[in-house]
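The letters A, B, C and D name the chains in turn, as written, and every chain counts its residues from 1.
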Amino acid sequence: MNHFTKLAAATLLAGVTAGAAMAQELYAPNLSYRTGPFAATGIPLMNGQADYLAMLNARDGGIGGVPINAEECETGYSTEKGVECYEKTKGAAIVTQPWSTGITLQVLPKTNVDNIPILAPGYGFSPMADGTVFQWAFNMPAGYWDAADMIVQYMESEGSLDGKKVAFLHLDHPFGKEPLPVLEMHAESKGFELVPIPVGLKEMQNQSAQWLQIRRERPDYVVMWGWGAMNAGAITEAVKTKFPMDKFIGVWWSGHDADLKIVGEDGAGYKSISWSFPNMDAPVMAAIKEHVIDAGNTMSNEEEMQGVFYSRGVVISAILAEGIATAQAEYGTAEINAEQLRWGLENINMTEERISELGLDGMVPPFSTSCANHTGHSGGWMLEWDGEKFVKASDLLQADVAGYQALLAEKAAEYAESNAPWPTNESCSAMN
Amino acid sequence: MLYRTAGQFKTSYQADQALFPVKQDAFLLGVILLLAWVILPMVASEFVFQALLIPVLIFSLAALGLNILTGFAGQLSLGTGAFMGVGAYACYKMVSIFPEMNLIVAILLSGFFSAAIGVAFGIPSLRIKGFYLAIATLAAQFFLVWLFEKWAWLYNYNASGAIQVPNLDIFGIFVSGPQAASITEYYVVLFVVSLLTMVCINLTRGTLGRTWKATRDMDIAAELIGINLMKSKLTAFAISSYIVGVAGALYVFLWKGAAEPNAFDIPLSFQVLFIAIIGGLGSVLGNYLGAILIVGLPVVLNLVPNALGISINSAMVEHLNVMIVGGLIVFFLIVEPHGLNQLWRLIREKLIIWPFPH
Amino acid sequence: MKDTAGYVTADGRQIGGTLMEMRNITLKFGGVTAISDISFDIHEGEIRAIIGPNGAGKSSMLNIISGFYTPTIGEVWYKGEKRPPMKPFEVARMGVARTFQNIALFEGMTVLDNVMTGRLTHMKSSILSQALWYGKAQQEEMENREIVEKVIDFLEIQRIRKTPVGRLPYGLKKRVELARALAAEPSILLLDEPMAGMNVEEKEDMSRFILDVNDEFGTTICLIEHDMGVVMDLSDRVVVMDYGKKIGDGTPQEVRADQAVIDAYLGVPHE
Amino acid sequence: MLADIFINPWIDMVEAPDFLLQVLWEGLVSGILYALIALGFVLIFRSSRIFNFAQGIMVVFAALTLVGLHAYGVPAWIAVALTLGVMFILAVTIERVVLRPLVGQPDIILFMATIGITLFLIGFGEIIFGGENKQMISAELGIPTGDTVLEPWGGLLILQHLDITVVIVATLLVAALLAFLNFTQMGRAIRALGDDHQAALSVGISLQTIWVLVWFIAGIIALVTGIAWGARAGVSFALEVIAYKALPVLMLGGLESITGAIVGGLMIGILEKLFEIYWGQPLLGGNTETWFAFVLALIVLLFRPQGLFGERIIERV
């Protein structure tokens, strides 16, 4: 027992000193989930993220000459573990990447006190778009409300939605409920009937009841907000129940190649909205191959790298790196702190030129953020599964943000009020 | 020699039934209290508060609640997580409806809601026994978590379906929510946990405690010597659920800051059960020992590879963690099925007769 | 009720009026009749025995008295009133205490705590008072502890007071069980084969305790026993059962002389 | 409201009989799998009084081993044989390392130990196989993947060949198991163990052997269940939760009754599906399958504490 306490004391001490010694790098921890029921979607994302930063470290010696420490803290997508990871890493971190809507919601209020920016690309709480209220949270390049809006636009492009029926198959979890306000809004204005069908965390792999309901309701479209093992479950059930795949549209987290490969040809026609796209010809992929893959520093593999999720991981890290670089340029120091990174993330300007400069050609649409706009609203492409891989099935769609800007502001204000005292950034519009 | 009890005579029944008839025990408790109330808060870092001290206290309390039911009254329950949820949601609704309410009062009141639900789900225990009852408590577990998800009123119709702890203050000091300092949260938790531990010690050593233990050891005999089994079991469910509910309110309001329905799902129930069993069924102290082990172990395990300079990815650490906790559970059950409490008791007995072997 | 007058025993003790009376008790489990149409009474202060070979229905009779079984037909009269159907714990609270054939102690508790459970029917402090260990709860605990200590003294088990009962030998367990029943200060004490499985020495001890209890506290005792010799010495009156029927009832001398009893029971050499 | 509860569901059923048939069929298929898992529990409980919580993870572990071996290039049927070998080693290990040292401990301790085993296997399995969702090697095992579409009453009834196979294989497995238990000496010893340890031992088979055997049989059942569920929904650790469904089956059927496990499983599979479709989704917002089986079992137990197939308990003093 004595031995044990000594060991524990030693490790604690080591942890503290290690924290002090980390000054020569930019500590950007990632609250990853390579385990648990959502690992299937998590692993390629984490690999893409890690590989891009590893590439920067290997090729450029980091960003602005300072290496990035992209340490992972495993959450297993559990909110509890996520908060633990946040607490553990926040000391030296310049950014936190919570990776789940649940964890994001929990750390959101804490970041106000700890002054650490949350980077939640394409997930989290949609009203985070309002930078005046959520000073520390970023969900660029697009939020869930954007996704819902684009999906509705796409469905409308196939014919009026008036009198139609849209089933909304979603995970019964904060993430799955996120787009409801926008979908409800559109249902009312466009005259379609919205049928929300929740999938419990426990039934992700056995959705026969949900798909029986879909069969009974006979919807014109099924829109899916799925994650992890739920996607594969839904897609196999859809094939089994002979639901027309071209009327089945998922959010960007439901567009994972591996989930579709299970059904292969039978899944052809399935669609997923996305703000990222795999382009193996993009220079960045070649750089990753050269500096990371060939050097044997990856946990990924050839097949995974061609997938949507790996490339999305790459884009996410690129956004972070761009935020860091912007901050470094503004403050004239390579070793930026969390507060400076926030400025950087607020002033990202991903133009076509910049995207091409970074070697991300065709992998992400252009977008820009500002102090008041933390989402960027990049828009996205509708991807379609052709039986073997995802292909672009539409031009770049743009969400009609104006349509729900008021709703965003209202929800953000509501949130701030129920969490009073909540600091807001009054100076924001002036600075803009 | 340190633990010599010779020479400590009791001259009244009162003295004999005092909490700590042995002086050294009282001394030890004093040291622990001093540590908990004064020394630890002075030296602890933010991380230690959040990852060790506060969760250890909260989980100890939850395990203590479960131990009343399972360890003292003999009714196995797998629904602890859901009852913690009832406490948390009750507290959330109270502070949303009465924002002026003192948080500690709200937390102590929220226990009554889980007690009521606990009694309702305890009624089957009058007819169902053993594992059948354990599975029956799973009905409470799954049903309640489902209800937390479906009943939007419970989470004030938040779009996310999660409950979020607001900033609440007592006499101008923030005690919960993101603005609260860890040390304040710690003291609130410590106060509530100390208070309820005291209550539990008193209840378990007195009339009610004997009633429960008799019910646990042999329910038929208990009934034949005049124990109303219904009352005995239902009081156990009520008091156990009360404590578990309070622990649940603390868990959300003073530790996690927010919670989704599935935070109260079965893994939480199992975690509390592990603590109670590894600590020792039918003991009060054991819950603390068990919580230190189960909460502390993953934290230490996460630090070990770093300290040894081995780089393992965090997923591997997590897998190893799960594996080691599983292995440890089996190991402890084999080494000492009566838990850490029994281990401590044996050490103490050895100390009392030390330096003689017998 | 009939026969409320007392009587004087052979050794000159004055026995009170009827305390309990069983009227036409019949007990059936499904199709099996365990007891058929038995009536007898128990007087205040006497030692009443029920004897009979295995399967005679003695234990079932005791279980009816203590409320564990409800008779299919028949009435139980207690302290001059007909006892309505009630739960075993309610019967216990009316002053009926018992021991068990296969010791039913609470193994997870100490001897002291076990005996204290015998006092539970007398303890009434509120949960709040107990939770705070203040006021009535504490006072009650001390008062009852005193009574329990008297019983412990009486049965000479002071030494093992703090020992968990699981560690005790068989004979002592039986004694602790008796202590627990006595601690309740019952009006009627039911003993289910108190000497079962004991050696001669232990049997003598137990007999002495039974007589002392009856003598010192004036407790009415109803016991079931297999061992004829002991029973004949101990008891004032004996009911003899065989195959669920009563075949004899009277003083040990009368029973011993009863031809039906001799045929059914005594005629068979035992042990 | 009352009409929604008491009248409309029945009307719905009659109006779309093809849909009702589909619901019943889906319920039947999941019910059979619940019954299989429950059977694993019952066997172990009968022979050792252990409430084996690890049965669920054994399903996952078996399926993962099979898929994992195949991924290393082992031909499908050899992989099955090797997986059976792994399950046997697992049974022996559990008996040696966990059960033997814990002989004679209270039920709850053994129950906790199986939860420990569960955690251990989760961690171990994730290290070896990884957490991502994998595809069951259905085609390689020759499990048919097509479907048959029937049109009763002009409606639509889709029967997956996979599901039909599951039903047939499960039925055969149960039949084989019953034959083993009733007609072999080993089997009789296992059954006797449930009633009387001494009697069983006097047959001349050691307790250890029986335990290993029983855990191995539970492992075989786990593999079959794992293949079946895996083929339906992919193989990952999320599968583990289906094992919870076996618990209310046990409550309904009784912990020791083999018939109970089978009938209880089918009952719960069908009833929960009917309830979810006709009452849960329209009235309660869906997802009632998480708790329906438990609540149903609880209510039944309130009236029959021994379960549907247990023998009536007569308490004695």
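One rule holds for everything that comes next: a residue touches a chain if its C-beta (ideal position, glycine included) is under 8 Å from a C-beta of that chain, and two chains touch if they have at least 3 such contacts.
Owing to the predicted nature of the structure, the values given are computational and were not obtained by experimental measurement.
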Original post:
Quick one: most central chain, C-alpha centroids?
Top reply: B
Subject >> Remotest chain, chain A as reference, centres from CA atoms >> reply: C
Original post:
Between chain C and chain D, what is the gap in Å from one C-alpha centre to the other?
Top reply: 50
**OP:** Determine the centre-to-centre distance between chain B and chain C, using the mean Cα coordinates as centres, and give it in whole Å.
**Re:** 42
Subject >> Whole-Å gap separating chain A and chain D, where each centre is the average of the chain's CA atoms >> reply: 37
**OP:** Send over the residues of chain A in touch with two or more other chains.
**Re:** 34-35, 172, 198, 200
Original post:
For chain C, which residues are shared contacts with two or more other chains?
Top reply: 68, 100, 104
**OP:** Spell out, as numbers or ranges, the residues of chain B touching 2 or more other chains.
**Re:** 146, 149, 220-221, 224, 315, 319
Subject >> chain B partner contacts - residues on chain D that touch it in the complex >> reply: 51, 97-98, 101-102, 105-109, 111-113, 115-124, 126-127, 131, 244, 247-248, 250-251, 255, 284-285, 287-288, 290-291, 294-295, 297-298, 301-302, 305, 307, 315, 317
**OP:** Enumerate the contact residues on chain B facing chain C in the complex.
**Re:** 13-14, 17, 199, 202-203, 206-208, 210-211, 213-214, 216-218, 220-229, 235, 239, 282
**OP:** Quick one: which bits of chain B touch chain D in the complex? Just the residue numbers, please.
**Re:** 70, 76, 124, 127-132, 134-136, 138-139, 142-143, 145-146, 149-150, 220-221, 224, 266, 270, 273-274, 277, 281, 315-316, 319-330, 333-334, 337
**OP:** Note which residues of chain B are touching chain A in the complex, please.
**Re:** 46-47, 50-51, 146, 149, 156, 159-162, 164, 166-167, 177-179, 256-260, 262-263, 265, 267, 296, 300, 302-304, 306-307, 313-315, 317-319
Original post:
For the complex, which residues does chain C have touching chain B?
Top reply: 66-68, 87-89, 92-93, 97-98, 100, 104-109, 113, 116-118, 120-121, 123, 125, 127, 130-133, 137-138, 140-142, 145-146, 149, 180-181, 184
